[in-house]
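Per-chain residue numbering starts at 1, and chain names A, B, C, D and E are given in the order in which the chains are listed.
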């Protein structure tokens, strides 16, 4: 079918045409996913780290739980947060629903188990001598954590990027908590769903291509940055 | 809000009540996600493996591409496959649209980059001596791959589980390619979306709880199996 | 499963959500030993699926688009089946004072008062109806007060409730959400708010693989006296949702 | 167990650490400021385990460790403070996946030392292990011996009060063994560093250290473990002996039964050209295989069914006109034989 | 370079392998069936690199390797076939994260050997390294020396035609060094296995091998690298020498300039009680420090500003009445000094 071709042409047209609506959609996506991933990394990496490095009762259970949460459906996260922040919910007063902040909250919950679980698996397999070496050289706890992270930089980056990919591509949470409000909470994925719902498949695909191009650019940047810090 | 409580009560009721519709929904979810994850593992693990272990021109680019594909939105995969298997598409004749097989195809595409990228990161950080040791002891290529995988069992399991989590929880592909046909392609996530769309939030949440319970059981099983094979 | 004859029908989410189809189809399925697979999507997409030959029959509510669909040769044998009506809902205190039975007047008041109005903005039957109504007074709704959600009716209603805004909604969905939202019906009964449903077979000349025979059987069933009776008797929350009109 | 002077820098009381089937048990042990200790012992005897515990990397199952008389608790901050006064080279050093210089400076950086001095000290440390010019090499592309030497440089750059070296001479080439030995001596002399190292080379342990300790099967034995044998206790006519090989038996006095280790301190073995009339029950005939001299002490290696080592003075060595290949008699008392 | 007999089991032609700043370059080298080769050389000289290439783990940048005269291509299947005739113990053996017995049997399993014989052979191999009873231990909880011995057992169980051992004695305790040495000799004798091992212990290399090869800076040197020194070429009055230390100079004949390595084969150094009138330009005065005997050859270690080793016969050693501490003169010809 020529949907794909049409979509490509459309994508190029959109990018070249550069209308403000596209700009708004893209910037909502970027802003929300960037913030939620950053938060998930700040919480998830040290969390995953301490789970991996320590021996404690229930460790196995926590890892199983984390792996289970990888199967957290966006709709469920959406419903859950909705039930908290809707007008009739316990913290409805704040008026978070249908704001980018609500999207961030939902995406954070979605990304957190991914970043944490993958950090655990990144750290768990590593050479036991690394930690010992850091200690013998006088590193304190924080310093030990950071050298371990730096030794497994690639895997930790992968964990964060997997988290980012998940939230950048997700639609359920954004739709339910953001509301897909044009010019405010409409992001790329909700726009895609919207176009697809109208039967505008090639437009939807074009937006999909734009989304992937942005993800690609981000990954190239990250990879460049990663290389520089090696 | 008491949505959560209501949802819990509903979930328990549903499980205890055990109606055939729930059974059908659950079995569609399990069957489709299990098959798609297995296929993704069969392709993705060796693929990720050979990317990680070999040095070739463009390796960096392929890894960047893989990481980009972690941000593949379900709707885009859905649209893409739809454009292929729709009656007016190039392979429309086969009549795949709105069948579980179409869902499997979409979920496979979704899971493949996850399994592959995480396998790459699992393998990349490993001790270089492992491969050398296998070779010195006379392992052929396949045997080398399998000992390396077995040495990084936990991380590879994590990669596969992350892929499973992604597809078990996804709704876009199932909705677009399966069509949410009652008793045939309706799975847990499309059912959740359906209920939520009707405003039956607590029913939706209840189904979400059931989904997570199933994911938990699967993870417990996998973890048990993993422990046994150590 | 292979022996079972199946036909696929694309319809709108609101139709399926109403629960009507669960009453209307089983007798037909039994009678003809056929299974109806319902694909519930937006109106635009439902028609697109018909256009692409992915379904055998479409059951939607967007009169103009339906006519186009038939004119362009994608569908044949369109029949009227039933209608329901739209209502305008809004906050109890009705800041724009739209209470009454004139839909166009109500929208005009909302426009001048710049009260929040939530539109589905998704080219669905409801959205098309809404645009039709604005068009009558040549109003171009735009601005901060006019929120486009691009979502289904339920989500749109919830959003309107959250924002304490007005919205146009089909009665069936509103009834389904009653008790979950605080918005009340402020404007109803205007003939211009009626919402006719049509059923169309996908053109077998264009898509020979479609199950035209059974599609026609289904069309026959829903427009038969028995089918029409089921529609007329279907109630939700004690209220009749759809008015059969195959014979009008 | 060791000579006790008022203020050991590090000491141990009633230490126990068990792994499945292995127990390290040390009732009492002291290490003194400015001394070099050589630790020897068979594979799996607990050397590495002991060093890890002393460096506070691992916690014992029970028992106490004292630093300058102060008991070391399980408080993180105290352990870190004391650990920062020490440095350790693991038996199989891991170099961080960065450049050599970054490895060397790591310990200084975590101590937030001022940046200028860091570079100078690092360059100096590299020079001491004869790896100047390796600064920018990738650490994980070094050869095994180079890795070992970087590991040593990375520890000594910290100028620790106590330096633990777990088999520091592993894979180091002949020329550099001398360099590293000299380095250890100099550090000890110039900085008064307490050094505890392990080695399987007993000659080296004696050459380098003020005191040689041995571990056998988790237990500390004073002196080196030369002349360590294993066999079954036999008894007949009120006479007890250990059967080492079918043709070699050594008379002992013990209450133990079954399979035992025995150890004969090399300084307790008397060498003579002729069999030697004495009360000593053990007289073995052998042949001289190896001779080495250091500081007026001669270490003589003899083959008497098994290899025995005896320490004698240079004077008596010369007096006896001993040389390689000479036949010789080894005599030692039953009470000199330690059984465990 | 080596004596060429018709059919080497493994040979090398014009091999080159470069890393940043290092090049291994071997014009020609042969290894023969049933011989033991000891490979020595300073850290970073290329020993491990050579073994990795011979075991077909790494490919050279250029040059050819022959197995029984047949050139080894880059075809996977051929390389695998030939590699399966060899076994190698890495300098730092990695044990798979499973039990000891699973490590030992791995190589047999990948060769699909029959299950019954596998168990027997594995038990036997463990016994040979004196680790019977370790079957079910977790491999990654072993001590370093135990790990090394498991690594050796894991290779010998394969009964290879060619066995590569990269510093096999690393961290092995004193008692077991003998066990492993004996094991190497027996395998060689009983199975006619070709063995190529590296070691920094030159005495050991001589003791154990039929031929000692050395690598210095990527180049093969015949014999051991005892008496290897480094210094600058100086020239005056048509006389060239290398200044090793301010007080030690050695006369040479070379066209090279600047910093060079020199090497004096130990068998070319003549020992005498008195200075010895001869054409030899190099006469050094020293003192005897170490004496070791094996098979009628005595290795004498002397301190003459630096440590020199000389090989003489037992007969002449006894004739000269040499003993530890004796003053001694070392004499060797300018042409005996290899410069590179």
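Note that contacts are C-beta pairs under 8 Å (C-beta built on N, C-alpha and C of every residue); 3 or more make two chains touch, one makes a residue touch a chain.
The shown structure was predicted, so the numbers you read here are calculated from the model rather than taken from an experiment.
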*Chains in contact with chain C and with chain E: which ones?*
B
_Reference chain D; chain at largest CA-centroid distance_ = C
*Taking each chain's centre as its mean C-alpha position, how far apart are chain C and chain D in Å?*
88
*Measuring from the mean C-alpha position of chain A to the mean C-alpha position of chain E, what distance in angstrom results?*
55
*Report, in whole Å, the distance between the mean C-alpha point of chain A and the mean C-alpha point of chain B.*
17
*asked:* Using Cα averages as centroids, what's the distance between chain B and chain C in whole Å?
replied: 35
*Could you check chain D for residues that touch two or more other chains and list them?*
92
*chain C, residues touching no fewer than two other chains*: 155, 158
*Could you say which residues in chain A touch two or more other chains, in rising order?*
86, 127, 176, 193, 196, 201
*Where do chains touch, given as pairs?*
A-B, A-C, A-D, B-C, B-E, D-E
*Which part of chain D faces chain E closely enough to touch in the complex?*
19-20, 40-45, 48, 91-92, 141-146, 149, 167, 170-178, 200-202, 225, 228, 289-293, 298, 307, 314, 317-318, 322-325
_Taking the touch rule as given, give the residues of chain E at its contact with chain B in the complex, in rising order._
52, 55-57, 76, 80, 83-84, 86-90, 92-94, 96-97, 106-107, 110-111, 154-155, 158, 164
_For the chain A and chain B complex, residues of the former touching the latter_ = 1, 3-4, 60, 63-65, 67-76, 78-80, 82-84, 86, 88-90, 114, 117-118, 120-122, 124-127, 152, 154-155, 158-159, 161-162, 164-166, 168-172, 176, 188-189, 192-193, 196, 201, 204-205, 208, 211-212, 215-216, 219-220, 222-223
*Over in the complex, which chain C residues touch chain A? Could you list them?*
41-42, 44-49, 121-124, 147-151, 155, 158-159, 161-163
*Sort out for me which residues of chain A touch chain C in the complex.*
86-87, 97-98, 175-176, 179-182, 186, 190-191, 193-194, 196-201
